[in-house]
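Two complexes follow with chain A in common, the first pairing it with chain B and the second with chain C.
Entry: the complex of A and B
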């Protein structure tokens, strides 16, 4: 058997499963977006009506803008927090055992339920929640703050809570690979801490930043549950609107919206992968 | 002097982050032990196991036991398949082969595609083919679109530190292909495979968006819990949270203990 054949055989189960459960379903969604829906059921057709309807509705642009806004804000916060935490762990915690221990402490929530972690915020942010009662007892506010729960604020804080570790893990890995001698050399040459950060650490962490960015953006853009529960139904994103369509059996419209969303998401990911060759860097 | 200051500022930031990460979870753990007359927020009105008992006694929460069993079975199946399939896929990817680029991008698409859309595709594909969606087939497949790409990425990281010349040496010493695999490659990569298993199990056990349109009429645990968030307004909800989180933590502890033990043997 040639090495080429050997490799192909080795990846065969992986390929088969992904073709059946990702490739074909993706194709199905694209096909479905051209089908018709007569109010009772959907059937094969080739119509552009679904796309026309999606493009014509002003709400489409509103929810896309809203989704991108959530994604951008969450990305900015998770990037700053994730970078700072990784920076601290890699360069300021000298003891390796302690460093690994603290890193694991940051990642443990990843292995627990996101639904549970989301609802944990409700007793925290509510009118009579911990946050409001705390502030009232301190005498900082007289009235409970209303904007804490069922608002954009609640949505963003939940996203940050759920997704920051997707930033920390890849950035931590990238930073841990930076050769300490380079930093020593820069210090000897008289570089300031800020210069080292800007010219060595940030550029050498770019694979991690790129991977974390891909994770955070796609997770936020694919979410519907957090936005539905934490905004109290007041805000919607592309997927939450799609989910409403699906609940009302408007599958083809949902599929047309899905095709648009997939195009946007894949476009973003492709751009990031073009700027940073993640695969080559991972293999280093 | 200045670097000392930076250190303490960063330590404070890190501490706040950990508090932010765990604070809400700890709050619901405490609240799940609320007394029978207690509500969903503080203060605690007594301490009891009332709400835990209520989960088992009352039928208000739907088929929680069944949902848990299904999620466990799915998680274990996803774990076994993810470990085996990503192990061989990882080995295959060590060399460039025809189609490797396309396959890698398919894995990335699988990872970044919004989960509800994956579910929508799988669901309609099944209906179009005249098949019923059910948790053991379409549900499991949906979970694999999430666990397998993760498994592959971890395999890349694991294989990075694996030196191919060990296999070479075994082959030179006359070992067959099977012997090399079972006596050299597999034992050396074992700790990494436990990590893949941990991901496979927990990612599937907690999976929510991909499951929505693919599990058919029988809910998995995250779906059941998500539907309860809409209509359960007692601390019983937190009791569910405490139980499932305790289980997840137990799985992590077992996995890390296994990694440490197998690592020490060498």
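Entry: the complex of A and C
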């Protein structure tokens, strides 16, 4: 067997998994988006009516704008938090054991399910929740703060809680690879801490930032559950709209919306990969 | 007298917990000289270098560069530049921007790129100015690191084991270039190494360190020919260290080896009768005779290894002394009268070739032995 054939064979299982669990479902969705539905039955067809309906509805653009807004705000917050936490872990915690310990601490919330972590915000943020009660007992407020729960605030805070780790891990990984001597070389050239951050650490962490960005953006763009529960049904995103379509059995329309979402997310990921050559950086 | 580039170490100490990596070191390094610091791993040479560069702060003591106390001056502002062992080039910047980096930090405008290119041309890399560090060979990366260190016109260039990552051939070539560069620039070079021939070949002054202390600091010829202690003699090599007990003191010292051999040599320090001492005899001053005849300034032994070295032949003996004993015989002498494994021989030397070892540091000079 030639080495070439060998390597082809060794990627075969993974290729099979990808085709069966990602390729085929995706193909189904794309096909479905061209089918027709008359309220009674689905018919295989090739109609653009579903896409036309999606594009024509003003609500489509509203929910896309809303989803992108959530994604942008969550991204910005997780980036700042993730970068800061990674920076602290890599450059301030000198003891390797402590570093690993603190890193594992960051993963503790992931020992329980997403749903539980999300739901546990509700008794904390609610009208009669811990936070409001605490503030009232301290005499800081007279009325409970209404915006805490079932609001954009609640949605964003839950996203940040759920997804910051996906920003921390790749940035931590990229930062840990920075050669300490390189930082010392910058110090030796007279650079201040801020100059080193700007000219050395941020550029050398960009792979991690790019990967973390991809994780967070795709997670937020693909979510419907958090937004439905934490906004109290007052806010909707692309996927929660799709969920409504599906609940009403409008599968072809939901599929068309899904295809549109996939296109948008792929476009975002492609843009990120264009700015940062993740593959070349990871190969180092 | 110009003090540019002069370094004064005044009782410099650096402790890590209870351990003193550098222990009350006093030393003056002349401006414009090439100084090599040598010693086994963990002897404190790198810590000392990093303190001069400002990457470590002394626990106590002062460091003066060019007559100015820089003990607490920020690194990068004290007229030094450090070249790192693994070069530490910025992987995300091309060569021009790497070399221009210190200028950028010091607020130099667009002209910094021109100056960086000039400096790259000076280290024969002008044609690669737009490449990334990962596209270069080790030797080329080193030149870039050198260019980056020199771009700010430092008074003192600090080199941390600069040649250790290169292969033998490149190491010898870069060694020549370093020496030439130092001659051209006339600035102080401080070069940390653990390779004895490198230190001897390059330095105007060699500083031999052990356990955070300076054992001996002198011209390389002095270090090689008149080692201060058994440790220096063993570490720098080229010497045989012999233990003996003083019999009589006078214009000439008479001493006796444990096995009964008699030695005579000139005193180098006050001695008393019955004192245990060690002295060194250079390997190339030893001559061998066949047989077991006893004589003064001689040592019986058995040949245990013979290595032809081109210009000389290295003959290793097993002697009554616990230490290795080696003779470097002129090639023509050896082949006129060769020795073989197992031959019983007598090694002899002249009294004037004996160097009494004044210092008491008796460690093996081998990092692994610590």
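The rule is simple: the second predicted complex is superposed on the first by the 283 of 284 C-alpha atoms of A that agree within 3 Å, B and C clash if a C-alpha of one lies under 4 Å from a C-alpha of the other, contacts with A are read in each partner's own complex, and residues count from 1 in each chain.
Here is the rule we use: a contact is a pair of C-beta atoms (placed from the backbone, for glycine too) under 8 Å apart; a residue touches a chain by one contact, two chains touch by 3 or more.
Here the structure is a predicted model, which means the values were calculated and not measured.
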Partner chain in contact with A:148 - chain B first, chain C second, else both or neither: neither
Partner chain in contact with A:117 - chain B first, chain C second, else both or neither: first
Touching partner for A:77 - first (chain B), second (chain C), both, neither: neither
Chain B versus chain C as contact partner of A:174, first or second or both or neither: neither
Dominant contact partner of chain A by residue count, chain C or chain B: B
Chain B versus chain C as contact partner of A:203, first or second or both or neither: second
Set of chain A residues, in rising order, touched by both chain B and chain C: 284
Touching residues on chain A, where the partner in the complex is chain B: 3-4, 6-11, 13-15, 17-29, 32, 81, 84-85, 87-89, 92, 102, 105-106, 108-117, 119-124, 126, 128-130, 133, 161, 164-165, 173, 193, 214, 218, 221-225, 229, 239, 242-243, 246, 251, 254-255, 258, 261-262, 265-266, 269, 273, 279, 282-284
Chain A contact footprint on chain B (complex, rising order): 3, 6-7, 10-11, 13-14, 17-18, 20-25, 27-28, 31, 40-42, 81, 84-86, 88-89, 91-95, 97-100, 103-104, 106-118, 120-122, 124-125, 128, 141-142, 144-145, 148-149, 152-153, 156-157, 160, 198, 202, 206, 208-209, 213, 222, 225-226, 229, 237-238, 240-241, 244-245, 248-249, 251-252
Interface residues, chain C side, partner chain A - complex: 53-55, 74-77, 80-82, 84-86, 88-92, 101-102, 104-106, 134, 148, 152
Contact footprint of chain C on chain A as seen in their complex: 179, 181-182, 184-191, 195, 199-200, 203-204, 284
